[in-house]
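In what comes next, chain A is part of two complexes: it sits with chain B in the first one and with chain C in the second one.
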Partner chain A sequence: MLNTLAQAFALITTWEVIVAMLAASVYGLVIGSLPGLSATMATALLVPVTFYLSPIAAVATIVAASTMAIFAGDIPGALLRIPGTPASAAYADEAYAMTRKGEAELALGAGVWFSAVGGIAGTLSLMILAPPLAEIALSFSTFEYFWLAFLGLMCATLVARSSPVKAIASMFIGLLVACIGIENPGGVPRFTFGMTNLFGGIEPIPALVGVFAVAQVMRAMLTPEPPPIPRRKFGSILAGQWKLTKKYNWQMTRGNIIGIIIGVLPGAGADMAAWVSYAMSKRFSKEPEKFGTGHVEGLVEAGASNNASIASGWVPSLLFGIPGDTIAAIAIGVLYMKGLNPGPTLFTEKASSMYAIYLMFIIANIIMIPLGIVMIRLASYVLRAPRSTVMPVIMLCCAVGSFAIGNNIFGVVIVATFGVIGYVMEENGYPVAAMVLGIVMGTMIEQSFVTSLIKSDGSVFPFFERPIAAILAALAIGALIWPVLVWVWRRLKRAHAPATSAG
Partner chain B sequence: MSKKITRRAFAASSAAAAAVAGFGFKPALAQAYPARPVTVIVPWGAGGGTDATARIVAALLEKDLGQPFNVVNRTGGSGVVGHSAIATAQPDGYTIGMLTVEISMMHWQGLTELAPKSYTPLALMNEDPPGIQVSSTSPYKTVKELADAIKAAPAGKFKASGTGQGGIWHLALVGWMQAMGLAPNHVAWVPSNGAAPAMQDLAAGGLDLTTCSVPEARAIIEAGKARSLAVMATARNPAFPDVPTLKEAIGIDYSTGAWRGIAGPKGLPADVATKLTASLKKVYDSKEFKDFMSNRGFGTVWGDAAQFAAFMDKGDAQMGVAMKAAGLSKA
Partner chain C sequence: MRLPDRVTGLFLVGLGAAAAYGGWQLPPVPGQPVGPNVFPLVIGTGLALCGLAIALGIGRSFEEEEHLIPVEGGQPPPPTSKLYGLRALLPPALLLLYVAVAERLGFILTAAMIVYVTSTALGARWKVALPLALLAPIGIHLIFSKLLRVPLPPGVLPMPW
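== the complex of A and B ==
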């Protein structure tokens, strides 16, 4: 193994790999931090470039760019309340609240620091635990995925600050949006109104860009400039992170573990990891009332979780060629193109290349800290720039980004439409993040439910018979009736209390 | 930051504007084709198998014809948007594209008017036949055992997957069932979001068989979690020499496949089409193309313009029969 590690090290210490990795890192940071441009797009646009690179350098660019872009999505989330990815949408409100309190550097510092820690934890799990983790991935059938998606959807009510009823309503709007298109189990067009462009359905990313970025621009046009954040020097970014690490050690570890497990499940990925971790953090926090007011605890756990899931998401990709998410799907394409065919032989015959990939993950997460700090410093100027210059630029990014995804002008129409929807919803107190969650999870929950029923000939018992499904079902149903039990208990106690005091 | 964004965004948008302007040029008839860059439209996303194939073909065409061949992914509408962009482009040879098997399926479902006849076929480059895969824990060791068990079982007992409802691998199953004299839905189809999730569910014990192509199943097979019993093809895949064809194994002469080919809009000038087909033949014969395709486990099949047209017509009719039988056709 030491020998392989040495070979792997030799593979990545060539000028080509180092330059490719640095360039891809900067590129990933810039694309990820521009509102409206996503990590998936950053990776997809790299594909033509990888044609001209050696296999290891090609994989290096994908690893570096995707790692950076996922973290960088937190930057506009914190500074402008425009999350760069569905994953950062879970905690964008929280991070923005911290910025308004003047703690932007703490929020973003936590983002970069715990992302790096999570990424390294995820990579170590990939190195040590790949085979058993792969077994977990292969023990999940549609029955288990149904419960997982169900649990994911329940996070909508936990995360939202508004009334749970409005959060659920938003989530249902998201589920309705997820119904659009022909990519449903029946293969029939639904809500397409005969429009070819709607056949493919609404992707979460354009919807996300619309409801957050475009709606934010609309709000900015209609509301007076908010009181400027006190002008002062942007403080140290890393200071205090070590203290947070010690204080929230358990939250960080829990985030890492949840991230690794969810990441390894194909189709679930970073988005669900961040939501579940943020919701768990709030649920088990000693001070849940502080959540949503600019409290760093949830950021620690969710940040650690989503980057851990990126690395572990490569496990099913590398072992079985099953992509964990859209970024991994692109990465698999590049691996095949470069003759590094996914499969167990990659771990035996091409072990040095495998270790080279591991090393690149670790290096990417380490250089993310200095590069991320530079990026945060540059980005912080946006807080001082007048709104009238920032907003048009955001609008331009949204238009360019939504067009570039499919070279299709319809993407721009989708973003604009969701901008209006997002604006109206927010103005009436409906949390848009819950709708994004609905869009992300909708396809998965429908697909897993319908296909499960086809497989069981309409019987619902297999949803509870398979061992993992049974555990997940117990968790989901428990979480569902727990608040009801608490409510009944309080009612009884209150009904009892006045009776005794009166008597 | 805001200055930085402006500069970058400006560069990006001006690049986009230049690309759009490229479509508007009138062909320079006086010069020999190609006199300027050619756009190659891919109806599917970057990073997938179709995208990769188109990019290698474009790179080799560029080498042969001396003009840039730029791959543009026009996604959306489950492939309809990109296919329609190829069909409606100016027929001057400066916009061509990669057609996939969906073009012979979508019109039967009433999703589009586009059909193989909407194009000028140039060359067929690839075909991947469906395989028949079972989990490594499955009791069926050969396709004969599996076929006998399927015949003996009540309709709907066996569950298969590999792609969405009405997708190519679903129709492969329907065709196979019909060739065995069974009802098209004798094996129930469980729709999935593609071959990878279906293979995962097969390994997780949720399915009895999958009918995706063998290359798509390769990683799971090599991991020892599944095995391939047969291919629905006329010949074995050289990359998987141990997997017999259906005809060899159980005497059923049924074959189909997912294919990719290059075509232009209808009405492409004959000299341009001839030149492109000749160049595509060179691409097909090149070592780079062969190596690339065998690396990814993709099958290579050559068909010139006339053969490609005949191939699409035959496939189109076959799909129509299978889709009507499966109750998927609106025509």
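== the complex of A and C ==
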């Protein structure tokens, strides 16, 4: 173990990794703090660059950029009431109310401090949870993998903040996209319509860039420009944070735990964690009436929660190749590209790389404090960059980046197509995260499904015979019928309510 | 581009049915009960059922209203004519344009065009858009072509490096 740790240190203390990490941190902070550019988009646009880095440096950029971007989203939230990333949307109102009360330093300081604490807690959960789970996962057969993937997809549809039917439909669309190509059990061209470019299937990364970056530029075309940040001088950012840590210790811990759990659930990421934690904080607070008027308690809990989810989202990604959130979905793509194929054996065969990932998460969360403070002080300058200068550059990165992944101009067509698909879906209430998960997991779920069917000779019983498979199956089917139960319960309550009021 | 649920639902029914039919048509693997045809069949059927449910309005009670945070500062609301909505299609159209002409015109010229049009469409004046269209393509070219060695098309205006 010590030996592995030493190896991991050696892996991350090369110039390439250090420079990549610092550059990605600055990049993540800038993109995250610009309203309308999300952490997922920041990560997706990084992928073409990671292509040319060593495996550890590639992972380092993803880790650093995503961690920083989630925190940086708090900055315009507090100063402008416009969340920089969706993950900060839950408490942008609260943070802005604090700024209006003259407590901008406290709000932003809580953002950076509790984000760092949450990120480190999430990393610890990754270190503690992943290895024992890997032990269990080593004995998994295709039946378990099928149910696990199915459960993952169901979770993604359950937690979506929209109609579960639409979420399931989005997931099916994603799976359908994954059907394209010749990588299927028969090796025949499927849904390629005679186009040779489609034989290799739809690469997840250009699809993700389209859904998260191009669709965002499309939305910008129709929405008014956010106002520039007023220039201001900040006092000490970290003053009073230690007092807050002691006062809201329990809220912080609860935020960490919720963030970790939501991060591990496939498809639910930082934004979900922040919403749930903010709601919980208000629900269990001793002074709920203060919420919404510039009260720091919810910020502490939700800020800790969204960053905790980032690291724990890597647990299912590294173990099973099932992404914990959309950022992890991109990370999986990079891992495959770099020969670090996700799976339980990663923890035994490439243990030093895993330790290197843990270390990078911890380092990223520590350097976030000084870098974050610098970013907060520079925010009024950076955020003055108008959208009309940022978006064109994003467009160029989309075009060049999607071309660079395979040196294939068809990648640009995919990006454009998925931009339109993502835009139309989002406008009509279809959650794109569920589709992304479908695209990333499609091949895996089909393989485990078809192999299991062949093994069982067409019978369904073997799907439930092994104990772990049976448990996973029960959970997955439970997740499928859960919305139906909620609906029936709501109906019964509504039918009951007038009766009692009449009587 | 907000369409009624009935339209999107019925579209999904069609898409699902087409996928199921297309999957069913695929040749099976000889000597095996399941092949490449099973998965699209399952997915297509599922999608069609979901589409039907959406068209019938099932599950709409779960949809939460989006928490739109109004922009402070009192900007006038964008005009809502039919053509205005089509502006959203500009970014993908520009990307397709890139696919069509980048090989012939070269990266720098095509990229400058994309930057200028996007920037102007987002409300930049030519004093901003023009220098940006000159500098951004060169910057991106430096990073991707020089540092990362991506073979960008030189076209009629090759870069000196």
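Operating definition for what follows: the second predicted complex is superposed on the first by the 276 of 503 C-alpha atoms of A that agree within 3 Å, B and C clash if a C-alpha of one lies under 4 Å from a C-alpha of the other, contacts with A are read in each partner's own complex, and residues count from 1 in each chain.
Here is the rule we go by: a residue touches a chain if its C-beta (ideal position, glycine included) is under 8 Å from a C-beta of that chain, and two chains touch if they have at least 3 such contacts.
Just so we're clear, the structure is a prediction, and the values are computed from it rather than from any experiment.
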| item | value |
| --- | --- |
| First (chain B), second (chain C), both or neither touched by A:P48 | both |
| Touching partner for A:F146 - first (chain B), second (chain C), both, neither | neither |
| Which superposed partner A:K455 touches (first chain B, second chain C, both, neither) | first |
| First (chain B), second (chain C), both or neither touched by A:V393 | both |
| Which superposed partner A:I82 touches (first chain B, second chain C, both, neither) | second |
| Which superposed partner A:N197 touches (first chain B, second chain C, both, neither) | first |
| Partner chain(s) touched by A:F212 [first = chain B, second = chain C, both, neither] | neither |
| Partner chain in contact with A:Y430 - chain B first, chain C second, else both or neither | second |
| Partner chain in contact with A:W113 - chain B first, chain C second, else both or neither | neither |
| Shared contact residues on chain A - chain B and chain C | 48, 51, 185-188, 389, 393, 396-397, 400, 403-404, 407, 450, 454, 457 |
| Residues of chain C defined as touching chain A within the complex | 1-3, 5, 8, 12, 15-16, 19, 22-23, 26-29, 32-40, 43-44, 46-47, 50-51, 53-54, 58-64, 67, 69, 71-73, 75-78, 84-85, 87-96, 98-99, 102-103, 107, 111, 114-116, 118-124, 128-129, 132-133, 136-137, 140, 144, 147-152 |
| In the complex with chain C, residue positions of chain A that touch it | 48-49, 51-52, 81-83, 89, 92-93, 161-166, 168-169, 172-173, 175-176, 179, 184-188, 190-191, 214, 217-227, 386-389, 391-393, 395-400, 403-404, 407, 409, 412-413, 415-417, 419-420, 423-424, 427-430, 446, 449-450, 453-454, 457-458, 483, 486-487, 490 |
| Sites on chain B touched by chain A in the complex | 1-2, 4-6, 8-9, 12-13, 16, 45-49, 51-52, 55, 59, 71-78, 80-81, 84, 109, 111-112, 156, 159, 161, 164-167, 188-193, 196-197, 199-201, 203-207, 218-220, 222-225, 292, 295-297, 328 |
| Partner chain B, residues of chain A touching it in the complex | 30, 34, 43-45, 47-48, 51, 134, 137-143, 181-183, 185-189, 196-200, 266-267, 316, 319-323, 329-334, 336-337, 339, 341-345, 378-382, 385, 389-390, 393, 396-397, 400, 403-408, 410-411, 443, 447, 450-451, 454-455, 457 |
